[in-house]
């Protein structure tokens, strides 16, 4: 059996394989370099960076749910200026494509972020706009005018491709089409799903403790794959598939549904080694199925 | 940075040592042996629950690493069913561990509440003498009492009065604490808050071991953030041991 | 300890406890009478009935996913006329409130359904409009004008309360407010979530087998509870909470979040006995917490 | 309606009987004993998977109910690890079972493919004599061959030719089938389709046992719907045994 060609072109970026880290689950990108060979990754999507430093949300921030993780971190990060000063320099030495996830609450912040990142165009491969963080006061992708403004403003400034990370909190096909028309080069589907945990044991004379956040992990996989499938049939720009990938089979499913590449999040929190395991399993499935190139399987569920 | 491994080890013991309390031992690699210090922890992969669980090091000797745990929920229940010779996946050692260097000449006063005794009793093995304050719910929750004899004064409290003082261990601590003491504490949040209050009031130095929910244990999930000295710190990476003087704990509003 | 009062008033219906069956998971309502004492249930919500008989979707119809069940039944049923002739007569003898779930593709069908059910007003306690079945060509609740038309038309005709069953495929707070303003007496949250399963083993020279459907079960619970919580704070009409309830604790969580009553679906497919187990666990939790009446806990997460 | 129970029973045997094949026995209530007929099934609750799994009755005697299963996926793997004396939750008996009344005077021709042998070999115990056609992947997948001697002619095929005819069992069937025969078949879909084709062509009567994914097993999920004689039927409730003359199977488009 011949080893499959895992390399793939994504919005002009040459990736040696389609498996990346997901934003917000892999720190700034280099912290676990002692645990896994980062060079094996298809690419790294950083945690979401904002213009100014963010201290994030109060405790509690996480809760385990059935087959998933509920979190409300609230984009804790050191801010773009500190980020380009040190973490980005470290990231650039890894030798894999780097995608910077950014977020803001108004268009002006995105513009500032895009300007600062323009000076790093040789280091970064793309910008991912986190338009769907469920832990901010307002989820940007619920406001189509704001979405359009953000994408258009960043596109004008950016010298690298711009990816929009979305969530199916509204009709996902309409949203994806809208984002495509606004000029996004690709979309990421899907972010965590708005969810909640209630600690009924904490209820006595006071209100029970609750955690409002976004849920990730295998519990959302069937829904995230459906988003990719529905969207793939309706748009022309490529998709980063994301949501509960735990093994190589899951990667194949996302790609069959229409994802050109995928990003792995929660699995890497459980163990960074899962990224390598997923890659190996993925390669082995393709080998067993005699698939010569990973490019053959993208969107195969929708081909006639 | 010291060495940490993400690896499966053979379980060589997983037995009940008292009502609901278990001791788990695994045979580890020599390469991480010397970095298994008191106050550090491992993330343990328990088949059947989604996330790994953090667990303090209770003991390490001859490449055998041990943990002490109480069966409280689904995860620890499943863990208690794991048989000898099973391979168990662990990530660690993680965290900073107790700082034993800066207050060497002070009297060591250790305070353990409940399963906090795990990391505290490991710490005792590294210190020549001192006082151990040890509080638990009741007599049957007190562990290893026979172990701490030599050079160690052991002061006991139980919530129900079934052994030692009836009440909080911090009631006893506050009466006897002196400025030449350095505190090392591990236990439930209420106990730690009391210790912080006492230490601040009486200007006592020391360290406490914090617990916070963690999804990953190595800094990437950012789930265990707390405010330390006006800066955000991760309990898993920057802690779990923090200097008392930098902490302003309020568990309903910790950031 | 005193036994808590489990009885509750829901849109004028007196229920002896807040635990009902969920539409589409309990047949016409009486088929498992040999396995559990149906009289113990708070009420029965029937499978969704359409004007004309429906043969439903082709195979495959179900697939197990992690912590959940993916289904695409497609509203298979015998049609309202056959339903009122026999199943409804049997249902009426059980002695618990009966809620009839109905669905149509155009307003006219809802009108016909409502007319036929008007003759059964002494037997039925309420009508639930299934506006959110993910397995029809068009999900009604994505079309706000249609939603309004349906609710208004049925409300004019119906002599019993009208409940709208919704799904968070669009902004759920906006949708709930809209439904309230259109005259619905209550809402059910949430229906199954659109999802997908792909059988990668079936891929050789042909396309892989896929199942497009809706996912139910504990994997959606944190999301469904969030829907209830978000909606409760914004509307005045009561909520039937639904989505992955497997035990008494889950019922408490839904009610804490704002549900006045709940409906149990997938758990009863695994075993009808789970309905009774859930009821007993629920009662036992309330007893242990010294809660005198179930009415006290509704929406307690949102009280200050 | 006969009696069906949703209840936990003690496992009295769960052992490997051949490569990957297991026999599971539980002690059941006397009240359902007489209704455990060939062709009926139970829904088995396997801790660790979400839905119950349907499984045909393989044998019943002295209130001991047995199943035969092959380890193929996560559910059967977990089932195979269940120890004796464990309580296992079952719902059943379910379904209609083979109809032995209407073609009493015909020659009994039974066809089993793979684990279809479970319900077929149970059926054999209720019939005096006949022919058994039994196909499997290879020699090691053929079970209970020594059991069928008396009054039963046994015809074997394997896919790899390691025992008996090399090829499909239906190749052999189609050559020897006669109009005085009545067929009872259980096995993979491809085999059943072939049998339907043969039976239709040669106008042979009989019954086949269908398999379809089921979430509940008692009609409420409507997951196992198929088209029978232009009517929708539930495999779990109206089947799993269907009269050949009413079926038009096409597994890519069964409704």
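The letters A, B, C and D name the chains in turn, as written, and every chain counts its residues from 1.
Operating definition for what follows: contacts are C-beta pairs under 8 Å (C-beta built on N, C-alpha and C of every residue); 3 or more make two chains touch, one makes a residue touch a chain.
Since the structure is predicted, the reported quantities are computational estimates derived from the model, not experimental observations.
Taking the mean of the C-alpha atoms as each chain's centre, chain A and chain B sit 35 Å apart. Centroids of chain A and chain D (each the mean of its C-alpha atoms) stand 47 Å apart.
Residues of chain A in contact with at least two other chains: 65-68. Residues of chain D in contact with at least two other chains: none. If the chains shown are joined wherever they touch, the resulting network is a simple chain of contacts running from one end to the other without closing.
Pairwise chain contacts present here: A-B, A-C, C-D [touch as defined]. Contact residues of chain A toward chain B in the complex are 25-27, 31-32, 34-35, 47, 55-69, 71, 73, 76, 217, 266, 268-273.
In the complex of the two chains, the chain D residues touching chain C come out as 1, 3-4, 6, 45, 49-52, 89, 91, 212-216, 218-227, 232, 251, 253-255. By the touch criterion given at the top, residues 65-68, 70, 142, 168-171, 193-198, 200, 203-204, 207-208, 210, 212, 215, 218-223, 225-226, 229-230, 249, 252-253, 256-257, 285, 289, 300-301, 303 of chain A touch chain C in their complex.
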